[in-house]
Amino acid sequence: MPGTIKKLAVLTSGGDSPGMNAAIRSVVRSCAYHGVECFGVYRGYEGLIEGDFECLDARSVKGIINKGGTMLKSARSQGFRTKEGRQQAYQNLLDAKIDGLVVIGGDGSFTGALIFNQEFDFPVMGIPGTIDNDIFGTTHTLGFDTALNTVVDAIDKIRDTASSHNRLFFVEVMGRDVGHIALNAGIAGGAEEILIPEEDLGLDRLVESLNKSRKSGKSSSIVIVAEGDKIGKNIFQLKDYVDENMEGYDVRVSVLGHMQRGGSPSCFDRVLASRMGVKAVEALLNGETNYMVGLLNSKMELTPLEQAIKGKTKINLELLRVSDIMST
Amino acid sequence: MPGTIKKLAVLTSGGDSPGMNAAIRSVVRSCAYHGVECFGVYRGYEGLIEGDFECLDARSVKGIINKGGTMLKSARSQGFRTKEGRQQAYQNLLDAKIDGLVVIGGDGSFTGALIFNQEFDFPVMGIPGTIDNDIFGTTHTLGFDTALNTVVDAIDKIRDTASSHNRLFFVEVMGRDVGHIALNAGIAGGAEEILIPEEDLGLDRLVESLNKSRKSGKSSSIVIVAEGDKIGKNIFQLKDYVDENMEGYDVRVSVLGHMQRGGSPSCFDRVLASRMGVKAVEALLNGETNYMVGLLNSKMELTPLEQAIKGKTKINLELLRVSDIMST
Amino acid sequence: MPGTIKKLAVLTSGGDSPGMNAAIRSVVRSCAYHGVECFGVYRGYEGLIEGDFECLDARSVKGIINKGGTMLKSARSQGFRTKEGRQQAYQNLLDAKIDGLVVIGGDGSFTGALIFNQEFDFPVMGIPGTIDNDIFGTTHTLGFDTALNTVVDAIDKIRDTASSHNRLFFVEVMGRDVGHIALNAGIAGGAEEILIPEEDLGLDRLVESLNKSRKSGKSSSIVIVAEGDKIGKNIFQLKDYVDENMEGYDVRVSVLGHMQRGGSPSCFDRVLASRMGVKAVEALLNGETNYMVGLLNSKMELTPLEQAIKGKTKINLELLRVSDIMST
Amino acid sequence: MPGTIKKLAVLTSGGDSPGMNAAIRSVVRSCAYHGVECFGVYRGYEGLIEGDFECLDARSVKGIINKGGTMLKSARSQGFRTKEGRQQAYQNLLDAKIDGLVVIGGDGSFTGALIFNQEFDFPVMGIPGTIDNDIFGTTHTLGFDTALNTVVDAIDKIRDTASSHNRLFFVEVMGRDVGHIALNAGIAGGAEEILIPEEDLGLDRLVESLNKSRKSGKSSSIVIVAEGDKIGKNIFQLKDYVDENMEGYDVRVSVLGHMQRGGSPSCFDRVLASRMGVKAVEALLNGETNYMVGLLNSKMELTPLEQAIKGKTKINLELLRVSDIMST
């Protein structure tokens, strides 16, 4: 029933992503704007179970919009996977008279929220925060755009040294199940080839592609490899394969790693976080529950959490084609 | 008639924007991919009139995807506004057997292209390159995203010194007729107030807003002002007004200026440029003419040049509201 | 007498500069390391007069090494220019049993510290924090290196658009009395000419230099102008002069402004700040007073505050020559 | 004999570093300034042997001061290690009437230059280009400052995610034999511990240090590890050791890799490169040979190549102490 919510809580859960702080700020200020009290929960669901939360006012979130990470900390909670843990969390919320929860995180975090709602009929709303862009119901997850810029900046640097030495670099980027980072950053970084989980290029075609690239006059090459690429070899095995099967290459490997998760969020992610926070709070105040807010066709839209979790984002086939044409 | 085009030309015109080089690269490589010869024209329509163009192959555009500015240079051409100028341009294209033209620029450049087509029935295709995001038919113009990040980075720096000194800063950003940069960068920069051409806030409400902001405990403030804001005073007059009408403020002004047009393009702009270049070339090869390629609902779409020129982009009212809530 | 100091205070005063937070952190942690209590004073000497300071432990300065601005805020204090103000400040320090003061700031701040010491025999130590690099006794002031990178980054962006349009840009950088920023950033930004307060180039030679530059085949030019350049005209008058006296130039002006003071400090400034903080605390603990710590020949050295204030830093004539040769 | 040199050649050799392009530009423009012809040699000594060089004028090096890598490419030459190779290189220089050579590179490249001089009495001058800062005779090698900023930027990002999750990160940075990058970037990045080749901390003290850090209330930690650290374990073994011997840590590893070599050079490196290029050319024109130019006490100085190669740079012990105090 709309209008009955008086106190909200917000938490960040799962892997952190740039923009989470901006989303927290937005949730807190939207609450202040609507005269609703807002509690920040520390370390995700862990803090819910331990009662580790505190009241945040509009000034508490000053100066965080441009900070990476999450001021509320994040964690993966074993306790919340148990009925007892969730019961304790519910009791803590009841005791504090909190009657709604905003969860900023990925699909694992949303699953927790959904179960929690089903068990205790507690209003929950999700904000998709992950750099992987693997959540159904939004064209962009929070942190995706920033991570892309971080990756592209690293590729630009690697290309400086690659082209000075006529080298071949394999660069591994995040994305265990989805190739969104690899595909976009690969195009933007001018990669000769991009290996993603969604498409099995095959070693033969990789070799063929590299040979073609060299024949066309390219003296250095960069191949972007998503963590979970389909060829099924890790990046060091790829290097070994090329070392053994192709002549004249000086092959190097670079694994970009966790720096992809940090950094000051881009303008895009800050605006997206601000919009999502407003939408999440107002949806709860309007009596909605079990939804995720997302960006669809440039608008804020609600997608049922269940769909957001189960739905699969697909790789944009047009981008695969663009990548192919660009490496002409 | 599809399939008849054998040689394309590409030029950049009007104010430059980050991503223009990436778009040139994409046009050139798309031509190479489709076995079409591609000519780069220097200094926009001026180069067309002077016959200042040369053949570019896939390797000619190596290493430019991450460079700001435009390797083809840009200019505003007086000659092309005359019938004689356009006649000469047409003759040069005929002589070189070029049978299609891709124009990367803003609405002024598109108007030139449209007239040129109407006079000589010459196939033209537009790519929207401008940081202002003021072109109808695309949610993002080329360079907009990069400019936003540049502006936000500058605001972050200004906030460092503003908050160290408890100062009020008026920061002017580009946007003579549209407030897209101001609105997005203002939200992302945590601005207390944003003045845009589309909305006349009025001096009284500005003063009121600043007073409210101070009462709420903020010790420093940043007001973003689009070049063409509606209050009708320039930014130095705004400062004088506050100096005279409000007490206790240490007011400073910063005009960000032309640095907003430069810099290495963001991942978003590089991918967008790559997609637009492919689409523009393939549309021409498919016999389309007088269109602009654009990003609509995450897809590449064609909009008639006439609409692109006349249509008005509207400010996103949701963003105005978000800005208002965020400055709580 | 060494060893007698038990409680130190630290403040930042005057214009802020990147690295001030890193210096505060270093002072606080050096105190913790030596078992000395440390107080942070807010808003410079104002906070001293108002008794606005609090105890900081090693954890209080967590996460600030990479932040621009100063967590202690800065201000210019009228009160401290009066005997009564200083008397009150002294009393507050006495009451809190604080027996030493580290002042992070420029020569104005050091003058205050020196007078304070002379009146009350209170131990003081200076850390040179200003982007202008105009303090005698150190080759680098805190924030200078960061400001240079900020300025050079802006010039790079401006050059993108300058060279796309064959334009002449006058770019104003900070430095009212000294040209260190202009000279270094001008060389690094590839400026065609650099106007500094220390050298009167003269308008004639500027015009001559620009003409030479154009004849040598340069199609765009950037002239860096220090705020206090000797020609005695402001940057807009320079533009007007060129507009009137030279043909064929499209001249633009960019005033970089306060963004030069902000931003995350460079590695150089963070290391410098860390070293200076350690040195300042240990010098006070060793019974030294009235000194400024500085970087001389890669080492931390002490210079009497009086010399630091009165001494003049000179422009490096070698750099002027290098600039001249580079614009060949 | 001074004044007899009419044609110089310049090459880059060994691992590339940011600032090499700025140094090439400076050498070329210094030659132009002094009326000396200048040849750019491609791929280091390889190009010398193959006669792969061409004349560069002042305009040839336009727009490269801010580019990473080296436009002349770099390589490690097997041929130049043979008498025949060097003989061929000498003959090529003779044929082209080139009578002096500037070598931009590290100690391996200088050794080649020295042998070449000894065999053919050919004037050579070295410019120290390497990110490792391991060359005797200069406080800063070209690229060191830029690499530090790159590393610190990456650490800042990693810390965002480390502190969001209360994790321990081992971050590997370049430096096989020297710990300059690790030590400076570690201090600037706020690392809890720094492992360098020059000092064997020992596993026990590492564990002790981490325990102390945790007891002091730090919830996340970053340990910087130079490639060639003395503990003698690689970074993955370090992780395993901590996993096995310490409880409650969530340990992650990040190897920064080749991105450390690329990127647009910092202001410091661009100015340094410009000064070094001028000095190298003028020293050769003054009849000097077998020297390396370097920065000593803020001045350009010459050091005999032999000393530059054999001399050892020492770690700054003061920095080790500062690092220790800062991790209080």
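The letters A, B, C and D name the chains in turn, as written, and every chain counts its residues from 1.
Note that a residue touches a chain if its C-beta (ideal position, glycine included) is under 8 Å from a C-beta of that chain, and two chains touch if they have at least 3 such contacts.
Here the structure is a predicted model, which means the values were calculated and not measured.
Asker: Averaging each chain's C-alpha atoms to get its centre, pick out the one most distant from subunit C.
Answerer: So the chain farthest away from subunit C turns out to be A.
Asker: Which integer distance in Å separates the CA centroid of subunit C from that of subunit D?
Answerer: 28
Asker: Could you state the distance in Å from the CA-based centre of subunit B to that of subunit D?
Answerer: 39
Asker: Would you mind pulling out the distance in Å between where the CA atoms of subunit B average out and where those of subunit C do?
Answerer: Chain centres of subunit B and subunit C, defined by C-alpha means, are spaced 36 Å apart.
Asker: Can you tell me which residues of subunit A touch two or more of the remaining chains?
Answerer: 156, 163
Asker: I'd like to see which chains touch which, written out pair by pair.
Answerer: Pairs of chains that touch one another: A-B, A-D, B-C, C-D.
Asker: Within the complex, which stretch of subunit C touches subunit B?
Answerer: Contact set of subunit C toward subunit B: 12, 15-16, 18, 20, 67-70, 73-75, 150, 154, 156-166, 169, 252-263.
Asker: In the complex formed with subunit B, which residues of subunit A make contact?
Answerer: Residues 25-26, 29-30, 32-33, 58-59, 62-63, 65-66, 139, 145, 148-149, 151-152, 156, 163, 184-185, 187-190, 216-218, 264, 266-268, 270-271, 274-275, 278, 297-300, 316, 318-319, 321-322, 325-326, 328 of subunit A touch subunit B in their complex.
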